[in-house]
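Heads up, there are several structures right after this.
Same chain, two partners: chain A is paired with chain B first, then with chain C.
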Partner chain A sequence: MNVAASGVWQKNPALAWREIDDETVIISPGESVMHELNNTGSLVWRNIDGQRKAEDLARLLVEQYDVTQEVALADTLSLLAELSTRKLLLPAEEGAAR
Partner chain B sequence: MDRLIARTVRNRRPLSVHFDLTYRCNERCVHCYLDHEDHGEMTTSECVDALEQLAKAGAFFLTFSGGEIFLRPDLEALLIAARRLRFDVSLKTNALLITAARAEMLKRHGVRRVQISIYSNEAAIHDAITKVPGSLQRSLAAIPLLQERGILVKIACPLMKQNLLAYRGVMALAEQLGAPYVLDMTITPMMDGTNAPLDHRLSPEALLPVLQDSKLHACGTKVIPEGFGSAPVLGSSVSSGAESSAYEDLPCSAGHNSCYVSPYGDIYACVQLPMAAGNLRRETFEEIWTDAPALERIRNVRESELPVCSSCEIRSYCERCPGLAWMEGGDLLGAYERACALAETKAKVAGVLNAKSAWHKKISAEAGTLSVNTRLTSDGFGCVEPKEKVISYV
Partner chain C sequence: MRLSSHDSSLLAAASRRYRGFNSSQEKRLSIQVEREPTEMAASHEFVCDFEGARVEADKGNAQFTGVRHEYALDSLLRMYLSWALLPQDGFLLHAASVARNGKAYIFVGRSGAGKSTVASLSPRGTVLTDEISLLKRVNGEWRAFGTPFWGEFKADGSNTSAPVAGIFRLIQARENRIERLRPADLLKALLPCVLFFSPNVGDHERLLQILIGAIRGISGFHLYFRKNRSFWEVLPS
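Presenting the complex of A and B:
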């Protein structure tokens, strides 16, 4: 899946999740699959709010970690695509409609 | 899951919480360890406050249990709160009060799993245990209502004198319904310490047909545990990894990354270890979880340092529970008769010659004879459902 830098995402409201010591565990009830995010993934997850664009999320990584905007954006888009494929994220407008 | 468990044990996060909302019940099961009374249950706002504190502390796997949870008129409000706090929610219920509308309500609020106690596929046996005529039919009727809505249903079958020979029927019923199941041999004293439920407990010898059942072995049961220090695998509605090797030298998760909340706000390490660590009406959860001497005492237990059990030659067949060691043997670190007797029976089934626990050897050496005492029991096993799939983005 291609994810645009200008794309805006929202957490799937059906999920259970918890950030524990900078790492995040997520369970999608329908599939009973557990997903884990490391500290950088958790930073992105924590800030997915239906408002920030992918490039905004990447910028947060740049502010927190020693990484270029280019690399941060590529990693962020890759993560968003993965999470979206697994239906942990929804496009913001779709999430808002639920 | 192992990684999550190791991290939460290391950092002392209460990953899994068993929260009894009430001890009141609409069944009167002969083996029950509760008194079925209301001695001052937490109000809705107290329960919600408890949930908020638990979430803040890192709790994630939440099991609402009882008593019968549907006797709480505010159950939906509590599920809404749990949903808002993003818990992974499981329920334990006898399902008598589950209607299509209530099943829909559970789905709406994100309940992922429901564990229902079924004692037999024969109404005469099941209803005699619950003391409620028609209860089997009503409990079974709830299962498709939940499954149709995508809620996982797990059948729990505690084994006792009244239903031992019914377990095969329960297994067949579970398979027919497409539900995972657990056969649980854990019959415990009442929480006030009285032993009445133990009258219904099966002797290790009586459990031989179960221990030797090839079908249970075939479906991956831990009838004969492979490793030292494994906690009872089953009895929890959440596959929260209680059997994980991440616990290493710890007896189980209790007090390390799991805890129990009573309807009155008492915090214990585990429902089977009713050693009060504190009460939410007097202290915050964080204060209790961080500072309670009772929890610290439990956290200091190491399997390799148990005075008798650590040197036991049949330890790998034993599912010693620290809570039952305390409740039944009076010593958190000690051996207790039921665990030893059951381990010996399992070892014999596995072909171990002269299987005798370290404790029994000690008693024999001291008294010149073996003291036979069959009043005790603990452990659970069954057909374990597949572990949840874990995807790590690390």
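Presenting the complex of A and C:
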């Protein structure tokens, strides 16, 4: 799946999640599946708010970690694609319409 | 809990199976059990189906219908309790609980991990359950309660409780040792072993909140153990 740098996402509202020790645990009640995010994934997840673009999220990684914008953006797009494939994220406009 | 039924044979079987846990004085968990299935007439806070049987529940009251055998009753009861414990800061866990020196040791693991083995290697009368543990925070203290759910041990659970000494994730090995788990790792170890059936996201959020409280208040360990009584020597007293 290709994710655009200008794409805007929001968390699937049908999920339960908690952060603990810089990690995030996400539960999909419908599927009884647990997902885990590490510290960088958690930073991205925490800031997915239906308004920030993928490139904005990547910028947060640059501010927090010793990484270039180019690498951060590639990692962010990869993560967003993965989260979208697992239905943990929805395109913001689709989420707004729910 | 308080079980009642219009079907005397069903009630007799249920009373026999859950003796020690079933009280006519209990007011918090009142359960009506019937053999005949019914169509759901109203919406309920919690609904769950199991092989033609159904639990419909609201705060403090539950109705089990379509219960044709003890196995269905047992399954519905697990489903219901997993939800009914939420307001009490409690949850059910695939784990054996063994009381020792006034503390409860929780041995967690999926089928085949060694829960029944650990129970069978423990002195008679000390096993709260070899299959499904009930953990609940009471006055700020995490306690393990016996349950009427058992696995290979084939013995009634014990309707008592004890403060939790620790949670131990079972890993069969050639040596006995323990390894402290970070809270996040304990949570990830617990989640696959928690019994929970509600499809409601709000219930899952509440469950996560309770589990976070549990891992903050209870020490967790990997327990690498040999299949003999010697594993007790490496457990914290």
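Keep in mind that, in the parts below, the second predicted complex is superposed on the first by the 98 of 98 C-alpha atoms of A that agree within 3 Å, B and C clash if a C-alpha of one lies under 4 Å from a C-alpha of the other, contacts with A are read in each partner's own complex, and residues count from 1 in each chain.
Keep in mind that, in the parts below, a contact is a pair of C-beta atoms (placed from the backbone, for glycine too) under 8 Å apart; a residue touches a chain by one contact, two chains touch by 3 or more.
Here the structure is a predicted model, which is why all the values come from computation and not from measurement.
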Once the two structures are overlaid on chain A, check if chain B and chain C clash or fit side by side.
clash
Mind working out whether A:79 is in touch with chain B, chain C, both or neither, as first, second, both or neither?
first
Is A:3 touching the first partner chain B, the second partner chain C, both, or neither of them?
neither
If we overlay the two complexes on their shared chain A, which of chain B and chain C does A:41 touch? Say first, second, both or neither.
first
Of the partners chain B and chain C, which touch A:58 in the superposed model: first, second, both, neither?
neither
With the two structures laid over each other on chain A, which partner does A:89 touch: chain B (first), chain C (second), both, or neither?
neither
Touching A:21 in the superposition: chain B (first), chain C (second), both, neither?
both
Superposition-derived comparison: chain B or chain C, residues of chain A touched
B
Once the two structures are superposed, pull the chain A residues common to the chain B and chain C interfaces.
14-18, 20-21, 23, 25, 27, 29-30, 32, 34, 36
Seen from chain B, its contact residues with chain A in the complex are 1, 3-4, 7-8, 11, 13, 15, 55, 58-60, 86-89, 110-113, 150, 152, 388-394
Residue positions on chain A within touch of chain B in the complex are 14-18, 20-21, 23, 25, 27, 29-30, 32-38, 41, 79, 82, 86
Contact footprint of chain A on chain C as seen in their complex:
182-184, 187-188, 191-192, 196, 198-201, 203-205, 207-209, 212, 215
Quick one: in the complex, what on chain A touches chain C?
13-18, 20-23, 25, 27, 29-30, 32, 34, 36
